[in-house]
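The letters A, B, C and D name the chains in turn, as written, and every chain counts its residues from 1.
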Amino acid sequence: MMNRFLILPIVVPLLTAVLCLLFFRKPRAQRWIGVSGAGLLLGVSLWLLQVVWQQGIQTVQVGNWQAPFGITLVADLFSAVMVVLAGVLGVAVAIYSWESIDAQRQAFGYYPLMHFLLMGVCGAFLTGDLFNLYVWFEVMLMASFVLLALGGERGQMEGAIKYVTLNLLSSAIFLAALGLLYGLAGTLNMADLAQKFASTASAPSNAIVTALSMLFLAAFGIKAAVFPLFFWLPASYHTPPVAVTALFSGLLTKVGVYSLIRVFTLIFVQDTVYTHTLLLVIAGLTMITGVLGAVAQNEMRRLLSFHIISQIGYPLMGLGIFTPLGLAAAVYFVFHVSIAKSTLFLISGVIARLRGVYDLKKLGGLYKKEAWLAILFLIAALSLAGLPPSSGFFAKLSLVLAGLQQAQYLIVAVSLGVSLLTLFSMVKIWNEAFWKEKPTVEDETKFALAQNWSWILPILFLVGVTIVLSFGIGPIFRLMSQVGNQLMNPQLYIQAVLGGGG
Amino acid sequence: MEMVLPFVIGSLYAMAIYMLLRRSLVKLLIGLGLLSHASNLLIFTASGLTRFKAPVIPMTAEQLQSPHADPLPQALILTAIVISFGVTAFALALAYRAYRSVNTDDLDQMKSTDA
Amino acid sequence: MLIVAVISGFGLAFLAPTICRFAKQKSGWWLAILPVFLTLYFLTLLPGLASGQIPALSYEWSKELGLTFAFRADGLSLAFALLVSGIGALVAIYASGYFGNKAPIGRFYLWLFFFMASMLGVVFSDNLILLFVFWELTSLSSFMLIGFEQEREEARAAAIQALLVTGSGGLVMLAGFVLLGQIGGTLELSALLLKGESVSTHPLYLAVLILILIGAFTKSAQVPFHFWLPNAMQAPTPVSTYLHAATMVKAGVYLLARLSLVLGGSSFWFWAVGGIGALTMILGGYLAFSQTDLKRYLAYSTISALGSLVMAIGIGSETALKAMVLFLLAHGLYKGTLFLVTGAIDHECKTRDVRELGGLWRSMPYNAAGSTLAALSMAGVPLFFGFVAKEYLYEAAYKVGAFWISLAIIGALLNVFIAFRVGIEPFWLPSQIEVKPSKHVHEAPWSMRIGPLILGGLSLLLGLFPQILGRSIVSSALTAALGRPVEVKLAAWHGVNDIFLLSLLTLGLGVGLFAVRQDLQRIAEKVSLRWGLDGLYKRSLDFLFTLAGFQTRTLQHGYLRYYLITIIVAVVAITAGGLWRWGGGTLPYLSWDIYFYELGIAVIIVLSAFMATLSRSRLGAVAALGVAGYGVASIYLLFGAPDLAMTQFLIESLTVVLFVLAFYHLPNFAQLTPKRERLRDVFIALITGGLMTIFVFVASGIQIHPTISPFFVENSLPLAHGRNIVNVILVDFRGLDTLGEITVLAIAGLGVFALLKLRLDLRTAKGKKSAEEIAKGGDQ
Amino acid sequence: MTSLILRTMVRLLLPLLLMFSVFLLLRGHNEPGGGFVGGLMAATGFALFSIAFGSETARRILRIDPLALIGVGLSLALLTGLITLGLNQPFLTGIWFKFPLGSFGKLELGTPLLFDLGVYLTVWGVTLTIVFALEEVK
């Protein structure tokens, strides 16, 4: 299916960013442009998902050059779902940034940077070309570098140096892997690669491709913040304004996960006994180290940052299980956890706005004082911890189903144990920030939530999405199952890109 | 040359890694520069080398005579070079700002944000 | 209608805060309307059950996950449901008197009804996963209710403990459920129950059983998971009554009874369930001895009672299950009463220490009446409901053997003792310790009398006329649990037989124990009782924190170069592993053909890069880096890439300029690392470099597939109208790459601009500027 | 630092470099060159100029804010894509117009050239933004 409007999720944020740049001296106009651009992106992404759902995988040959020679954009259901995720988080964060991002940052390009980031993310989700993926990674990274450092506070600088260095290392590995891959296979189109590797499934060529796939695993693994490549994340994620952290937490590592799932279902399936077992091992270790890191924290944003790592293990577990159900669960998990985690970050921002601190030891009494905020937190936190009937529960349930079907008992046990620790750490926040009495009387800011809609509306929106994800599990998981089926049948993807004959 | 360049690339990588592992922020930047040279040269070499024959169709001809250099990796490298230029410039500015706020270029002093 | 019955509770929960705002002190009475109504509705379902009409409904929720909204109301479900809604109504009324206007009562009712609805969900669910959903919701509401008095740290800690213990059990159970569903081929309970044969012969049967038992045992406070329950007495008394005595803790019992058809019958089941139940029964009673707090007495006796219920299920005979159902109801009635009375005493006397209480019958006659009835039922005095239940339990144990009947007797004996201490002593005997008489001890308000009176009255009434239950609820519950039609006849009096004599013996011994209670207490206080996993729980929390702290300090230490080393080593390890699996194959042939000046350039690149790493001055290093870049550019030029060469030359020059501009402000190098570390780094660098060398050899020597480039060469001129193929690829064939690339550049430009011009750390010195001002002043 | 010789040289070099950059841009589609190199070349000219005369003078000579150059360049590149989208073609499809020039052959103009111009302006703007910003830090 050829659909030239497939480019829109890339063009809309770019257009928004460029418009913001043209209004660079008018931050107020930028806000409006930024928020409406994000809204438009969400609309476009929903349209795309609907088209892909009804008419199958959509492609466009950019520049009208046939695949594999030009760059092909491909929207299968997986891509479309991820683009919707970008749209949802984009809208929420754009509104939240309205007041929570200070005027100086807004005057120095906050909104255009945010949309550049969205552009990179959507590009990465949609592209069917590995080198083009690299380019979108760089767009996304560069935007994230700047967003992270924007403001120039000391903590930001220290965090940014680690973030930038380790991510550049990842880019360098990716680039080297691309060069080697081109040397071996003479093409960069993912469908073409998949087809070519499938057609020459001889043992030696398989082995060399598998060896090469390890470089991709490393490059994407750093981006996805898996064990033991995650150090950049806890070092930096808590340093920028919380809206930025929420956006990063929802999207950046997820692009890494997306890429891992994409290449390890489509291209590198020569030796799944080796590669996917390795993925399972990494998944388990990532879950454990991440959650232990979180247990040790007392600062809300740091605590949540470690949970990002821990929760990355779950989709990898789905990928490692490597069945349609496992992948469906993985994708559902990614979607759910991005929403839940971003919500929690946004709430932590509101708490800091109310009380001036992120430190759990200095917080307290919020259940009594801000009952609605408490309820919103509870929904998001329990969703993250996987308590039923939240979206997190269904995510975990589907992974457990998939894991037990394949008799992967160890990873299932690890995943359940980690979810208990996640629950523990969410309860800790609840206990310290909401239940416990406030230790000090002073530092109360005069801030009425009800009148500050830009702070609370995005949280309501995201919690609403979480609720839809959980109670609408029927249709939504039907969609995810289709995602899983498509991923496990790469032939569909190949045909959509290269045409029936190949 | 195919026998030599892999070693050149390998030593560029080795030196880049060595520089990345220094405590000085400035050395880290030099390491990033070396890393990008190494990667670009790697793409160039891995896709095969052809002497002198640029992939440009002469004004007088309608077709390019074989053998000629592979144009695709060249385009990729060009993209990569320009991107790494942008990244390097940003990293420089970052290093400068970091130095200004921490007042040292010793990376071991910049760990207040970790757990 | 059934689904409305389950869902309506949630609706009421969310409305409760609003209702409370309007109804104030009377809210309990208003809110009790729904549970009363539900109780009546459940009663109307009973007659139908006898004729085999089981209300059931099922909506699909998620086909892929095997989830349905399936509810089914058979006898077993209804027995529990009646307990839930009936006691729920009384507790709701009681609570408004208990709290008065001292607490945010709206929130209390929210979680109370949330619990009621969840518990109804548990007992009516016909889908394992749905059951699990409600199961965890009861844990959640229990958490919120135990920690209701949030200012008290003990309350919060107890809430967390209860949640973690039942939560971990729940997770284990979930795995068991999923496995059970996979073995049985369905997650629908009613369908699963028909597959007992195929499940019990499956190789995973034992695993499934153990996993599910852990879930049930944690919830129902069986040894060794029982420790959370006494701590949960931090909850307000209405909560303890409702959740931690009458209903929630029985969820595990319900589950075992429900699944006994499919999982039961094996000897493992008998010994694990029966054995743990018996152990819990005795240990719970024993642990009660050292207590003085009324509520903790009741808590331990509840553990003991739960143990006997579980034991009965483990025994599994028809009589045992009959005893289980009867004891379940009897216990709900008398234990509910006693808890409520304790709450009233606490409310009026401000103490729950049994030694300080005495002679309360004068000031609290109604509660004294209810309490006495309940205590007699608990002690198993003939003609009371508890007696009927105990008779059957004895009978069931008697049939199994002497060992089991002696266990049952010990358990019951302890219960007699507790019944007298808690239900009789505070009202009818003088207090042990003379405390200054409370000035205004008087009867609690009506809202707090009605519960004990009704429940206590029922304890007598049902003891006199047990057949009210026999025909309806007990027979249908047994039918459901055993999977075959059972006709039950109950009588208050079975005549004098062995069992009756044993009952009398128990009663006599129990009263005897009660008579020497003060001596017993002295002994118990000396013998320190540290049973169960309470200590383990604390130790594992400590261990968790230590481990987490250690791990985080070890991994996330803040030294960038060690992060890099870890990452590089990991990457090298997995890639080398991949290459090793490949094993080299046939080594590719590469041409040795090389020109002299090419070699020269190669040497220059390596040497200048080497200079860059060794140089002591920043400028020297930058210059050397630049030379290396020019060398690379020369290679591009020599091998047919003039565009690349030009770009590289220009960019290299610009980069040097930028470095110089930035370095102008940076300090000079210092030698910071010791030699050992440098040697280690050299080693890592060489390994990495070597690995990359091998990779380049492989990739340039092996070509699995020919390149797609000929397409560009052929079509560049005719279709894309350009002769410089590289440029055509950049702006046309792969224009999207270029669009992304200039975007990266634009962001970088913006980033450098913002980074160098916007300095939030300095703004306070100048005073805050408005956004517009900053923007205007930005580049001047 | 800024000697007279350097200033004189730069004053002469700047127009030359600018002209050469335009030349590179225009011939890029058929001969080595193109938007990247052209943009870099133009930026190098101004970078030298600003080193010799200071960034304020360089900004004055340039007249246009380099940030605006980025915006314009990027929008130009985007626009070429959007045009084709409007013409019912996939994004960034090249559209060509031919003008016969008698004995000189024919002049071919297409959207890829416009795109390349966008690249040229962006690269130019970005490089200058960076150079100026680095120069102006105190």
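In this section, contacts are C-beta pairs under 8 Å (C-beta built on N, C-alpha and C of every residue); 3 or more make two chains touch, one makes a residue touch a chain.
These numbers come from a predicted model, not from an experiment.
In terms of C-beta pairs in contact, A-C outnumbers the other of C-D and A-C.
One inter-chain figure worth recording: chain C and chain D are separated by 61 Å, centre to centre, where each centre is the mean of the chain's CA atoms.
Put simply, the C-alpha centre of chain B and that of chain D have 24 angstrom between them. Each chain gets one centre point, the mean of its Cα atoms, and the points for chain B and chain C are 50 Å apart. Residue positions of chain C touching 2 or more other chains, listed in rising order: 552, 556, 558, 560, 564, 568, 642-643, 647, 651, 654, 658, 662, 665, 692, 696, 699-700, 703, 707-709, 712, 723-724, 726, 730, 732-739, 741, 743-753, 755-757, 761. Listed for chain B are residues 20, 25, 28, 38, 42, 44, 46-48, 54, 56, 59, 72, 76, 78-79, 82-83, 86-87, 89-90, 92-97, 101, 107, 110-115, each touching two or more other chains. Within chain D, contacts with two or more other chains are made by residues 30-32, 36, 67, 70, 74, 78, 81, 91-92, 94, 123, 126, 130, 133-134, 137. Viewed as a network of touching protein chains, the structure reduces to a complete graph with every chain in contact with every other.
If you check the complex, the residues on chain B that touch chain C are 1-30, 33-34, 37-38, 40-42, 44-59, 62-64, 68-72, 74-79, 81-83, 85-90, 92-97, 99-101, 104-108, 110-115. Within the complex formed with chain B, the chain C residues making contact are 552-553, 556-561, 564-565, 568, 590-595, 598-599, 602, 605-606, 609-610, 612-613, 618, 621-622, 625, 628-629, 632, 635-636, 638-644, 647-648, 651, 654-655, 658-659, 662-663, 665-667, 669-670, 672-673, 681-682, 684-686, 688-690, 692-694, 696-697, 699-701, 703, 707-709, 712-714, 716-717, 723-726, 729-730, 733-734, 737-738, 741, 744-745, 747-749, 751-752, 755-756, 761. Residues of chain D touching chain B in their complex: 30-32, 36, 123, 126, 130, 133-134, 137. Touching chain A in their complex are the following residues of chain B: 20, 25, 28, 32, 35-36, 38-39, 42-44, 46-48, 72-73, 76, 79-80, 83, 86-87, 90-91, 94-95, 97-98, 101-102, 107, 110-115. The touching residues of chain C, counted against chain A in their complex, run 60-67, 104, 107, 129, 132-133, 136-137, 140, 143, 147, 150-151, 153, 156, 160, 163-164, 167-168, 171-172, 174-175, 178-179, 182, 544-545, 547-549, 551-552, 555-556, 558, 560, 563-564, 566-568, 570-571, 574-575, 577-579, 581-583, 585, 692, 695-696, 698-700, 702-709, 711-712, 732-737, 739-741, 743-744, 746-748, 750-751, 753-755, 757-761, 763, 769-772, 774-776, 778.
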